[in-house]
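Pasting in a structure now, in structure tokens, and then I'll have a few things to ask.
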């Protein structure tokens, strides 16, 4: 696994589909965001953040993707997600995600996504609970939890 | 509008997106089914068939697509949907859909889709009501309704 | 692996993405065709059928999908592809594909896809070579090859 | 048309497909990028920037999307694209795009996309020509061209 993935505790492997490529014969730009979504949801499950539509959850408020190297079929990618702990305020935090080609052993894209706590029953933003934050910090820095 | 569309009372126009094409530089095979779905849902709305997940609606049981001519960007397609009235039994009927290229003025694909009545609360198939059938027959043959 | 997969020598595993689901909260109907395409391309690579756009290859002429059981995230599917050897004529043959849920251990969909040999430089159908057929028959029935 | 679109000379209308929605019953986050791509390609055609894979063209280097308001089916959106003229350097410039709901008459998303000139035959970045820049500036400010 690529050493840059060392900083990521939540990583998924995704096989590139031939149909993910577009007429320019590379993986289409929007597919990187799909890969990122898949990894982000795995991360959310790891830290106990849900998106139960009957209660509270998170919504995507902003996303940024830097395309570093095109992907082509066939390949399998590693997609890691981590929380950027310094970015937390009451209602939001940023995640960072990297997409790494197993075939090329290089980073293909870096994504940052801002997740806002959301109350789906009242349709308004909702502060993250103390427990939510503790779960995320503990997941990212398990040794600190013990202190 | 293409004369073959004369047999279709429910028609939607859909602009082809560049990103609908794949690495073979034609519209990808699965996108025809997306176009068909879009037209089928417009049809369902026209005849009063919903898919309210809390009640009853329809599910797709089988689909067939004959690819006649590749589509390319830029183009806009007409997609017509009609019910095949002879196909009705208590629980299901077939729709037929054609995809017509405005640029080429030719049929690009013919789709047939089998729609089964479904009770989403009890998770089992559900007979179409007399009213459902009357609405569909009246939509397809408005003059006959008057008899 | 599901026993029905025994009849398939070419099988790929595909993780379902959360984003493959639609507003009915099941995997969208067109995604089954994407999964089928992915497995079919792996099959074509196994038997040496390419789709080099500068030469000859295959195009998809018709597809049929029977939806047996809805898929939901999270799940991983097995998708097997085989040639229906009795279907061969000079220019075409049918493949059959099954989509099996690992979570449910049941068949979710059965797809049949007709592949027509195609000459991309002259834009017309092209007969399969004796070698193409031999490769496919040998792949499906390796023991018979020895006879 | 929404007054915010006044600043955009290149605007496309795109009907939302039911299948663009995901299990959260809103249009999925990646579809906004597909809509943006469609509008960006129309813009490129308007200013004479191609992406002929045998010559030079542009590639997407970075994208940012701020999600302002969820979209739902049925709706049609206006998607405008303009060049941010101050962002030009020899090799790149940023475009800005807005996605406006016709149903809600509100901005749903704002996208910024960095386009880098690219030489597809030599696989390296390529400076925009004087003519490329003149075309873009003239498209954005036709009155200035006359000076």
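Going in written order, the chains are labelled A, B, C and D, and every chain counts its residues from 1.
Please note the rule applied: a contact is a pair of C-beta atoms (placed from the backbone, for glycine too) under 8 Å apart; a residue touches a chain by one contact, two chains touch by 3 or more.
The shown structure was predicted, so the numbers you read here are calculated from the model rather than taken from an experiment.
J.: When I count C-beta pairs in contact, which pair ends up with more: B-C or B-D?
T.: Most C-beta pairs in contact, of the two: B-C.
J.: Hey, which chain ends up farthest from subunit C, C-alpha centres compared?
T.: Max centre-to-centre separation from subunit C belongs to D.
J.: Mind checking the centre-to-centre distance between subunit C and subunit D? Centres are C-alpha means, answer in whole Å.
T.: 36
J.: Per the centroid of Cα atoms for each chain, what is the distance between subunit B and subunit D, given in Å?
T.: Distance between chain centres, rounded to whole Å: 31 Å.
J.: For subunit B versus subunit C, what separation do you get between their C-alpha means, in angstrom?
T.: Spacing between the chain centres: roughly 25 Å.
J.: Going by the touch rule set out above, which residues of subunit A reach two or more other chains?
T.: 18-19, 25, 30, 34, 37
J.: Hey, which residues of subunit C end up touching subunit D in the complex?
T.: Where subunit C meets subunit D, its residues are 18-19, 21-23, 25, 28, 30, 73.
J.: So in the complex, the part of subunit C that touches subunit A is made up of which residues?
T.: On the subunit C side, the touching residues are 12-15, 17-19, 34, 37-38, 41.
J.: Under the definition above, what is the set of subunit C residues touching subunit B in their complex?
T.: These residues of subunit C touch subunit B: 24-25, 29-31, 33-34, 37, 51, 53, 59-67.
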